[in-house]
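In what comes next, chain A is part of two complexes: it sits with chain B in the first one and with chain C in the second one.
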Partner chain A sequence: MISGIDATVYDAQSLPSNDNVNAYAFSIDLDGEWFTSKGAMIAYYGAIELSGLSAYASHAAWVAARFSSPLYAQEWVVASGRGKLVIGDRGNDINSYDLDNGNLTIKQTNLLAFETALELKQSIIPGFVTLIGTGKFLASSNGPVIFVEPPFRADPDALLGWADCPSPSIHYDYHWMSQSLSAGVHAMFGRESGEERQYDFTGAGTVLLQSSEVTRHDPALARIVEQHTHLLTAAAAGVLGHKLIARSQE
Partner chain B sequence: MAFESVNSKVVRAQISQQGAVLARRGAMLGYDGNVSFRPLAHAPGAGMITGESNKMMASEGSGSVLYGYRGLYVTVIVLTGDSLSVEADRILAHDASLQTSVEMIAQGGVRSAVRGAMTGQGLFTTRISGHGSVAVLSHGGTFPLQLSGQTVGVDPQAYVGHSGALQVDLKSSVGMRHLVGRGSGEAFQLHVSGHGTVYVQASEEKF
Partner chain C sequence: MAVLIADKRVLHADLDGDSVRAANGSMVAYTGKVEFKYASGGGGFRAAMKRGVAGESISLMTCTGAGRVYLAQDAMDVTVVQLSNDRMTVESEHILAITDGLQLDVQFSGLRGMTTGKGVATTTVTGTGQCAIMSDGPLIALAVTPGQPLVVDPDVYVAGTGQTQMSIISGVSWRSVIGEDTGEHFSLRFEGQGTIYIQPAER
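Moving on, here comes the complex of A and B:
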């Protein structure tokens, strides 16, 4: 028996049901299946099995219909069974969101888990995925989440996601843009504020920001870039290849 | 216009034609309205000597801007004609109407040099004065200690800054005990005395 600890001691029954344990951990009351990102599970009670997406899809055809992203299939698992599943993400704040016949686009590295009633698709903005339908999902953020309404411009690293409004366009800082047009150069050493490029939101909806510009490396980044090289002709691909080799040897 | 705390780690500043805001480069999270971010050039060499040369940018135009940095806690300090001494690294943003100057900690001597080394701030600190808001970064959040004549001891790593007529001295208690490894781990303390406010962070972690 531990004494002297001024904290709640949980068991399988007293752990919250589909609610936050604290700001940094969330307890899912699992009865069926959830999609969870690899490494998001920190503890569980009950008979819960975590299996790789491709392994699970081999005997559950609906997985392919719900998880429409070959790019990220390796980063996700299916949690199935009954019990309490506790989700955490390196001390980042965790929030749960309910979608009601809606859609929300979120940075892939911040999405931790979602109900299988939701459909996941890749956003046309690289590194983001869109959830469509009705259901619950969990996302992490560095510091509390801030909700703002368009028109709004967000730092790409602080942007967590957006709901209901059109996908953003890119806005370049006026001061930087006018200088780069007059100078005719793109790289201007020492002339950058670190805020030249922002995502510009218009229309009606909600934009989600995290409290800092700290981001996680996206494991699919190289694959995203590689996918786009399919647009190149063989000759252009060769030129790019030479440039990349030269860079790797610098 | 005073900065508004959005949460413990983010502040919102109103930008107008009359009131620009200076901020750490790269600390803008988002904004509405028409705001432009211009990198600030400083006198060449000045920063090299003092080490007080944080890269700053000016936010100009009209709108409201959110600032935050690396998930650190942000404290808003409003100056009304008084001045605040704080390390340049800790300044997230401040009204452009405030004056800043780099000054030496205390007036010379070996003792101030030792103090600079112990607090990790070096010999120089930034003094901000005038009327306006300053957003200060800290690890774990800051709390103010009001002083009216008494003396308070502060861990050098937990010291954030101070305002008012305060005397800051480094006291060491290095003796035989510390040399043989039986010290308390608090061999150096800052002794702050006088009339004013000293800001302390809830952590001994530097960033």
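Moving on, here comes the complex of A and C:
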């Protein structure tokens, strides 16, 4: 006889269908395909296969049309088959969202899974991706998600994503800016406290915030920043290279 | 007789002139007259050998005396399980304390797929008594019945009861190419009859 564990015992039938098991786990009723972030699966019942994205795309041409981000292709897999798939992310809160012919931009490391009816594109803000269309997606957050309406300024670390409003511009604190101008300082390095730079949202829409942030390593971020250096001339790239070497040796 | 009581993320071990074994370094406070002695996980030399092979370690201390010991580790949720002449398997890192009357042994599930040495060998708890287990977040209980096998990520597996057989399946399908995998290097597949307990956070 074993007693003392008061957790509800779920099986393949009684696990929730496309709903949370608890605040930190979500059960997908899979019948077809979902895109899931690598390592997001914590358990499953049924005949489910997880395949690498490019491997799956070789016999399913629609993948290339839906997943429009070569940089993130290595971080995602296709879950296919029938069964119940349980998703978790390091004990973070997990919420599901329904997009109805809309668009939503979210930090890529917080996006865990999305239905294949949605289209994923890279945002012009590094580290963020945009989902377009109609369908369900799952996102994790450190603490409950807070919804805010613009006009609004957000701390970059707390920003989870935004929906239906224009991409943010970067706002610098007035005092920090006026000091910089009066002192004639052009280099920002060493003068940033982390709070003088905010994301400024305007227009109509919704901004999503989380209460704190435990950063997850985003392997694609370095590749994205590297792509942006194509804007530089050869001489400017050399100067940047020296600065980066100096920083890595600090 | 020593009694274990879970209070959210802290375990109260009430001692009455006897002893409990608890995870090394998990004592946060105590009242009364209690002595702490560090010891190995039990099972003798053979178990120690098996632990070495499986890369799995369990080190317990003995708390003896009269009083209350408060035990906790990494702010993990605590659940007290009562066993009455039964057995369960627990991932070794998740055992917080056990009372006398329970025996520990490392279950060894073969060498195949042992690339990380993780989640392949677990501790079997047998006998009559109380066992306090820890989980990062609330436990999720998933049933295994004949014809309905369950697959779990080895990093979330905490404990199991009943008669289940565990096998290791590779998460990399034959269609995968080099440099691209599913992120689940291998998974644990359970068949038979029983209940598997997982936590919502990967270790």
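One rule holds for everything that comes next: the second predicted complex is superposed on the first by the 229 of 250 C-alpha atoms of A that agree within 3 Å, B and C clash if a C-alpha of one lies under 4 Å from a C-alpha of the other, contacts with A are read in each partner's own complex, and residues count from 1 in each chain.
Quick note on the criterion: a residue touches a chain if its C-beta (ideal position, glycine included) is under 8 Å from a C-beta of that chain, and two chains touch if they have at least 3 such contacts.
A quick note: this is a predicted structure, and the numbers were derived from the prediction, not measured.
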item	value
First, second, both or neither for A:55, with chain B first and chain C second	second
First, second, both or neither for A:162, with chain B first and chain C second	neither
First, second, both or neither for A:143, with chain B first and chain C second	first
Touching partner for A:174 - first (chain B), second (chain C), both, neither	first
Of chain C and chain B, partner touching more chain A residues	C
Partner chain in contact with A:152 - chain B first, chain C second, else both or neither	first
Contacts of A:211 with chain B and chain C, given as first, second, both or neither	first
Touched partner set for A:44, first chain B, second chain C, both or neither	second
Contacts of A:22 with chain B and chain C, given as first, second, both or neither	second
On chain A, positions contacted by chain B and by chain C	none
Touching residues (chain side chain C, partner chain A) in the complex	79-86, 88, 130, 136-143, 145, 148-153, 156, 161, 171, 173, 175-177, 179-184, 195-202
Chain A-touching residues of chain B, taken from the complex the two chains share	6-10, 25-32, 34, 36-39, 41, 57, 66, 68-72
Chain A - residues contacting chain B, complex	142-144, 146, 148, 151-155, 158-159, 173-176, 190-196, 198, 207, 209-214
Sites on chain A touched by chain C in the complex	1-5, 7-12, 15, 21-22, 24-25, 37-45, 48-56, 58, 74, 77, 86, 88, 90-91
